[in-house]
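As structure tokens, here come the structures.
In what follows, chain A forms one complex with chain B and a second complex with chain C.
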Partner chain A sequence: MAKVYLENLTKIFEGRVLAVDRLTLEIPDKGLVSLLGPSGCGKTTTMRMIAGLEVPTRGKIYFDDQEVTDLPPEERNVAMVFQFPVIYPGMTVFENIAFPLVARKVPKKEVKKRVEEVANVFGIADVLSKKAHILDAGTRQKVVLARTFVRRPHVYLLDEPLTSVDPSTRVELRTVLKKLQSHLGQTMVYVTHDQSEALTLADRIAVMNEGKLLQYGSPEEVYNNPKNTFVGYFIGNPGMNFIGCSVEEEKGSCVLNAEDFRVFVPDLPNSFLRDFVGKKIILGIRPENLEIHAKAVSGAISFLVILVEPVGNRLVVHLKKGEKVLKAKIPRQEMSLQQEVWVRFPLEFLKFFDGETLETIEV
Partner chain B sequence: MRRKINWGKGVGIGGLILYGIFILFPIYWTFNTSFKEIGDVYKVPPSFVPTRFILDAYRFIFQGTGRIALLNSLVVAAISTAIAVVLGTMASYAYSRYPFTPLTNEGAQFNLLTVRMFPPIAFLLPIFWMWKRFGLLDTYFALIITYTAFNLPLAVWLLKGFMDALPRSIEEASYVDGYSFWQTIRRIVLPLIGSGLAATVALCWIFIWNEFIIAYLLGGRNVILYTAYLPSLRRGMRIMWNQIAALSVLAIIPSIIILVLFRKYLVKIYLRS
Partner chain C sequence: MKGLPGLYGKEKDQMLGRAQKKRVVLTPYYLMIPPQFLIWAVVIFPLIWAVYISFHDWNPTISPERTFVGIWNYVTVFRDERFLSALLRMLYYSGVGVTIQLFLGTAIALALVEYVRSERLRTFLLVLFLLPMMMAEAVAAQMWTLLITDTGTINNILVWLGLNPIGWRSRELALTTLMIVDIWQWTALPLLIAYAARISIPESLYESSRLDGASRWLILRKITLPYMRVPLAIAFLLRFMDSYKFLDKVFIMTYGGPGTATELPTFYLYQTAFSYFKVGYGAAMSWIFGIIAVIGMFFFWRLAKVQ
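== the complex of A and B ==
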């Protein structure tokens, strides 16, 4: 097991595609870190550099205190699940799972024991003697995971390991992985573009976009205190609401003028907002933090319901006032289209972002 | 409706039978002739089945230069095929995995193929003079190298197709699982292109085995291949048909063995191209 440290890691493909941009990241020993970001943000490239399959254009990679930047993959002792799962065709399931052990000259008896052990964990003990490439996608993925977890490398690298399987298997495997990780206590990097997967599995989440690390922190941190609007939007289902406003001063307290409505921020320690008077800021609030009332209450603003989507036992309600559209996530209840509702913005949940840099404004 | 189908089927089967006779009869006739005495060969009407198995013709081939010629052919074909397949495997890997270097880019790959687009005779005169200059005419070396030069492009081209079909990620997974480059080649790549290797061996072998002009021009006295030996089975005005037939029967054997062994893989190649 090892701590993995990436220092200013940069990868430029063919001299022009900037895939990863000065990424500095410490993956703690025994930690489960999730790399989260939209398609093409450089997650796979980062993993391939950690594994040694891609040579960084700049920057360094350390396992504990040893620099491994120039080591070939076979000398790094990492285990990786590729985004597009690889099984060795022509080999049986047993041979597939045993393959990395055979490379390390583990004695035959030990190989058999460990393969059977891990096959049991993934529920594929009954297909060990079958040819691996004839199995269905879900079982193949279990074979790939078993081959990964049959040994104890410095770090496990899992590149979207659950996207190629059907939803029910996905839920099952997610539980297995979580159990395995806490049971084994091993360093693991888990790539996903599904924020809910990252939130449920990871100790820490690294949010990336366009090759850059935007925020690195615990699930609560990235959820509660997004560092910029991108993280706020990307984390959460649905993502954070953003309302562009100009800051105005009225009778000694601050008002956020969104043109179609105004939000008063009276008793906030609003000295920091005073610096923004006359400037543009972005107000952010999570859909689950908006308060919806059927009747007018003080401080609430009236909106029209334009769309209602049930999500699990909750409703996502799209609300409109003038040009502005907000999403609110509320417990299931009667809600009809074109109904008028009153929306309150609880002060403690308001986030403020700089209108130009889109970075959070520290309160 | 039903009748129509049967008609078509009947014609098809009839056609196949005719075609089979057309192909197989000469082979049978060669076989038949090889067991005759030379006097019987010219008899009219000929005997369609061997009445007595006279082994004179075979004896002649086995005792004389015929045996040496057959052995020479075996040696040259085996060594040259081996070299072409080994080099071809390495080159095709480079062509498939690193297609952007000056030696492996599209232009280079096309140039390689042009060697096979012209009839061998187009290159043979310069090659002849070259070996003559080096004093290497009529040696195993010259024959093996020349055959390899003609077979290598074929081997590379065939094997590259198989290499291309092998996803790169399989090799990468093998590296991550702890295998070095050479271990990966041996344990992953070679087994997975096995059918390609078999087919390439067969096609290279067959080219050499059936080839006449190179054998005739570059060999002939010290190193005589059986194809170059065949024409000498003519005594003055008399053509020793029974001996030619015996040599042919013997020469067919390795080809049949290869075809039977590698049939499955050859079909795959023809389907692919």
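== the complex of A and C ==
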């Protein structure tokens, strides 16, 4: 139950490895924020600094208005789940879950009540008397989650908690976590490299790469309006298509010349592209927003199907024209290799990025 | 003949319709003869010989004659106050001594990991603590003999500090002095084992328990010590076995004295068999001493049971 504020947080390991670079981030009270990024982007280090397990090289950490930068972990009242289940050996499941309560000298009766309550939520009430270390990885992680949720910390920190869990349990636990978080109204930071997990769980997503915060916003924001090509590529499955083009003017319209094909951007209230005439930009479009037609339609460009991947009730189709390859995500249908299809780029879904900075061009 | 190793079952052959033949493979047995011979010659035969001797009264310096006395030697052992008090001394010396070694060793090992951050300093200190252990028992004993005389270095230091000198080799203190010297020399072994056990505990356990709000004391009790239980039990056992057969320092530093103040069972045994040449009686005593060891070990394993 606290707002977490990170101010210019920087961590340099051994004086040379820059893990987190001037990160400023506000995690609202009762919010569920996901730190999303590829391996080595600094998200776990950020998490460990919030927990107090790493000391920041520079910068400050606040819980509400209290600075906690120099507080040891045991005095911060945060709860953390690690990527791999950390079970206290030799203790039963009950003793494991009760550990944080015992550490806080909660009366025995109360401990029993709360442990049983939380064990029911995670569906492990039947193994309470078993030794925890003999259980399988998925159940062990449930024990750890139960141990985390048995108390009310200022903030819950979850570091890829579902990686070591098998897929069916993962979906189940994701739901449990989401429900618990909204039910308890607790602040939660969720580290993940799985964008679909971030999109389904979080109120807000902080996308990180190479120690820097790239974008911070609601799932819709980061999905619909990626601030740069990295965010566009990282969010979405598959990520956004990018086509390098040069901007040309033709009869009052704008033409994006991608060498192998040209995309028309008619009637220029799109005045923002005017400034880019003669320059390189990057056109971005999500695979699910591409229109695929079996027959030629006006404004469509012909592509060749080179690969078809079925994903549930959808198809991811790899399309080629010249040197350019695009991915399109379409409803399941007949689609054969080397088939010619016509692709339209719906104007409302086009994103434009600066060819040099790779940052989005504000419309 | 059925059931012998290397023999094919008659019924099995019949069921398979094979011609009945007995094939005994003997090669493994031949190969075992030399080591078996050695074991019987130097271990098992002497043991049995000792049992035989223990039923006799025999002093080889007087005559080769052995007089059969039945279980009289065994009865005498249990009525021998000198043996019983030697046992009590051993209980004090080993029980207290080894416990202190284990406690100190564990404490130092944990302190090294917990408080010494510099890897180099830690290694240096570890080597420093190990040095006494590298010293030959006899050399250590000789060195300490010189240090603890009434006008020896240690008493000189005490006087210099304005304290009274201590009679380290007096009747009251001699056994404790031996114990202290043994602690000085051997604390390093449990230390080494405890150190190895401590650094093998995953760091995530400590991180997690700190986040759970556990105090250092609780972490020590609930995480560190349970994790180190088995290695520590083994360290205890190793040291106890050593102290059970402890002889060198007694021999060099006190020779069991003053009087019988530092006479431990091993030393008394040695005296009986090889100084007084009561060989039959010595054999009986060593059997009893050995059986006590076996029983003690059995109970120890049950107590420190590994799950």
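Note that the second predicted complex is superposed on the first by the 362 of 363 C-alpha atoms of A that agree within 3 Å, B and C clash if a C-alpha of one lies under 4 Å from a C-alpha of the other, contacts with A are read in each partner's own complex, and residues count from 1 in each chain.
FYI, contacts are C-beta pairs under 8 Å (C-beta built on N, C-alpha and C of every residue); 3 or more make two chains touch, one makes a residue touch a chain.
Since the structure is predicted, the reported quantities are computational estimates derived from the model, not experimental observations.
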item: When chain B and chain C are modelled together on chain A, clash or fit; value: clash
item: A:P73 touches, of chain B and chain C: first, second, both or neither?; value: both
item: Chain B versus chain C as contact partner of A:P89, first or second or both or neither; value: both
item: Chain B versus chain C as contact partner of A:G123, first or second or both or neither; value: neither
item: Partner chain in contact with A:L53 - chain B first, chain C second, else both or neither; value: both
item: Partner chain(s) touched by A:G299 [first = chain B, second = chain C, both, neither]; value: neither
item: Partner chain in contact with A:G355 - chain B first, chain C second, else both or neither; value: neither
item: Which of chain B and chain C A:G217 touches, first, second, both or neither; value: neither
item: Chain B and chain C footprints on chain A, overlapping residues; value: 51-53, 72-74, 76-80, 82, 84, 86, 88-90, 99-100, 103-104, 147
item: Chain A-facing residues of chain C, complex; value: 202, 204-205, 207-215, 218, 222-223, 226-227, 307
item: Chain A to chain B touching residues, read off their complex; value: 51-53, 72-74, 76-80, 82, 84, 86, 88-90, 99-100, 103-104, 147
item: Interfacial residue positions of chain A with respect to chain C in the complex; value: 51-53, 72-74, 76-80, 82, 84, 86, 88-91, 99-100, 102-104, 147
item: In the complex, chain B residues that touch chain A; value: 167, 169-170, 172-180, 183, 188, 191-192
